[in-house]
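Lettered A, B, C and D in written order, each chain numbered from 1.
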Amino acid sequence: MSSAAPQTFSNSQADKTMLAVRDLFCERDDRVLFKNLDFDLPEGQVLQVQGSNGSGQTTLMRILCGLNDSYEGSIKWYGQEIEEQAASFFSSLLYIGHRVGVSKVLSPVENLRWSCSLKQAVSDEQIMAALKEVGLRGFEESPCYTLSAGQQQRASLARLIISPASLWVLDEPFTTLDSKGVAMLEKILQRQAQTGGSVMVTTHHSLSIAELTLLSLG
Amino acid sequence: MTEKQTTTSAAFLATLKRDLLIAFKKKNDIVNPFMFFIIVVSLFPIGISPESDRLTEIAAGVIWISVLLASMLSMDSLYRSDFEDGSLEQLLLSPHPLFFLVLAKNISHWLVSGLPVVLVSPLLAYMLALPSEAYGTLVLSLLLGTPIMSLIGSIAVALTVGLGSRGLILAVITLPMSVPILIFGTLAVQSTLNSQSPLGYLSLMLVMLSVSVSLAPLASGAALKISVN
Amino acid sequence: MLDAIQFSSFAEFVDMGGYGFNVWSVYALFAIFVAVNLILPLRKKQKIIRQLKRRLTLDAEIQSEDDSNSDQAQ
Amino acid sequence: MWVWFSKLGSPKWFYELSGKWLPWLITAMVIFMTIGLVWGLLFLPPDYQQGFTSRILIVHVAVAGTSLAFFPLMFVAGTITLVWRMKLADMVAKNAAILGAWFSFITLATGSLWGSVMWGTWWEWTDSRLVSMLFQLFLLLGVISLRSALEDSDTAAKACALLSIVGCINVVIIKYSVEWWNTLHQVSSPVNMDASSPNGPEFWIATLIMIVAVYLFLSVSLILSTRNEILERERKSQWVQDLVLKS
């Protein structure tokens, strides 16, 4: 069954629906965050989630990743419930949240060695190349507490370059980046969409990506 | 690009290595519980009596209770920084069974906080005038008992990882749960002192250890999912 | 039936064969325990209902004021 | 079966049904409690060994026996919360923890009042039942304080459910290990440790009546506080608002 989720993907499958969300309802502390939420995420698309503060963007992202299970409704991964194919779903998923998942005492290389190897085998050359691409050359071995917030964010984003995951869920990845970093990330997102992967991203930036669609909350 | 998924054992080893690396970089987390243990033990003779006869009687209990407190205090660092910097979310979203990843974290934590305490215990036993024939049993019982405490403590820490201040609530939850280990640990030492075989107690602790190794990481994993929710 | 009563005088009943303090403390404790755990929930229920009622009437007032305001606006 | 199960999980359904049961349960509780207490205080002959202190035991044994029900109850409620996400189970579990702490405390207090006569001391570490009850109280206090520390009610529900399950397993292990520990330390144990042996059948019938009475009291109190919890948590729903406006 799990073979339904391809590990490699091509443009010929670009019309296939990756995630199908139907009738999603979430309530937090007696407040309805969203209800009757429907959307599809096909392969090869960047879906930007927008909404005012407190409209539940982070909650939505966490629900999609399976970090939050207090919702009602259905979320299907290639037409099947996520629980039925958890291993395939989680190996195709890459999530970067508000807390970027970078340990401050470790260096970027050490961080990536661990967080990448939770999903796939990775070599030090790959890590070095990725860090160079996100502009952390020369900082590979310095502990992360010596880096700025933006640099830590970049270290975390280096995972996008290494990762073969077909679905990226990124919660506010642009916040601490400078304008160069924003352009870099846009390019990375575009490349993901063009190779048939897809991205869900929350941000208030207006992104210049061709494959972009918008989803508004609240 | 090689897009091969890692095996669970590789993820297990990577987690173990990473946690050990963090522990060696943040030396405080290793040294403080250890120092705490030594200081608490050395307070007892001052508070109770310097006479070696009376110390012999309480030595096993004092060491066991101090180990318990030290291990409880050290637990706090198990998931805290991972929770704060978001690494915990990455751990939970791994395609590998959470059981093994949590177990790896528990093992590395025990290696840096439990094992040193066990190794130094004969020295403290000597200072508390415990007869030397009981050293072996003491070390063995601690060797079996401290991992159980780490595993049980891990559940409680996982449940409270989202709380701001949790030092005391952790104690309230974990200390009552460690009663059985305390009982068997001290009984094992006591029976050696009465020149009986401690094997019965030690094998019981071994049973408890294997049960906790197979169940506690499951509970810890579930607790982490609840806390991160 | 009354013959089966174990005490011939009230004083004897209070004394409980010399264990009066312990026996009566236990019964007093038990009575307090039962009473507290029945009365507290009942009082709490009244409080909840009172608060909810006030909340609802307040909401209704606000609602009607809003309605009349919008009527005037039209 | 599943319809019945999900219906049972509905707070509204439980509120209505328990409203119908309550008068009967309260009546039964009053009857049993009156019989038990009057019999215990007036008619029970003094025990040949314990004298009138056996009157303490009627209450103590009933409360102690009932308080053993709390962790199994919370185990079941916790499993239901975690597996089926039933809100009602958590409402019961929340109040069961508090009531359970009360029961454990009263067990300890009545036990030591009995012990002060029989053993000449208010606290006796060699009585394994008292010791394991003490640790049951600690574990229940742990569950209560965990719930009060967690702000998000959904997280609190699941966390307490998990802790109750772990705690229930632990209570069993504690109970047996304390008993074992005791048998090895009974060199200086006081005379007549066993509360049950020297009493006649009348004592047991009176105790049985009291146990039924205390169980009824447990259910009445638990239902009352669960109903309050339902009103509070469902205060936004239409049926609660209708109910409040009607009263």
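Operating definition for what follows: a residue touches a chain if its C-beta (ideal position, glycine included) is under 8 Å from a C-beta of that chain, and two chains touch if they have at least 3 such contacts.
This structure is a prediction, so every number in the text was calculated from the model and none was measured.
K.L.:
Between chain pairs A-B and A-D, which one is joined by a greater number of C-beta pairs in contact?
P.N.:
By number of C-beta pairs in contact, A-B is the larger.
K.L.:
From the C-alpha centres, identify the chain that is farthest from chain D.
P.N.:
Result for the farthest chain: A.
K.L.:
When the C-alpha atoms of chain A and chain B are each averaged to a single point, how far apart are the two points in Å?
P.N.:
About 36 Å, centre to centre.
K.L.:
How many Å are there between the centre of chain A and the centre of chain D, using C-alpha atoms for each centre?
P.N.:
Whole-Å distance between the two chain centres: 49.
K.L.:
Express in whole angstrom the distance between the two chain centres, defined as the mean CA positions of chain A and chain C.
P.N.:
54
K.L.:
Quick one: chain B and chain D, Cα centre-to-centre, how many Å?
P.N.:
32
K.L.:
What are the residues of chain C that contact at least two other chains?
P.N.:
Touching at least two other chains: none.
K.L.:
Which residues of chain D are in contact with two or more other chains?
P.N.:
Counting only residues that touch two or more other chains, chain D contributes 152, 154.
K.L.:
Chain A: which residues touch two or more other chains?
P.N.:
70
K.L.:
Show me, using the given definition of touch, all chain pairs that touch one another.
P.N.:
According to the stated criterion, the contacting chain pairs are A-B, A-D, B-D, C-D.
K.L.:
With touch defined as at the start, can you tell me which chain B residues reach chain D in the complex?
P.N.:
Those residues of chain B that touch chain D are 155-156, 159-160, 162-163, 166, 169, 172-173, 175-177, 179-180, 183-184, 187, 208, 219, 222-223, 226-227, 229.
K.L.:
Which residues, counting only chain D, touch chain A once they are in their complex?
P.N.:
152-154, 236
K.L.:
For a test of understanding, state which residues of chain A touch chain B in their complex under the given definition.
P.N.:
7-8, 65-70, 86-91, 93, 95, 97-106, 110, 113-115, 117-121, 123, 126, 143, 164
K.L.:
Residues of chain B touching chain A in their complex?
P.N.:
Interface residues on the chain B side: 1-6, 10-11, 14-15, 17-18, 21-22, 25-26, 81-82, 84-87, 89-96, 101, 228-229.
K.L.:
Per the contact definition, I'd like the list of chain A residues that touch chain D in the complex.
P.N.:
Those residues of chain A that touch chain D are 29-30, 70.
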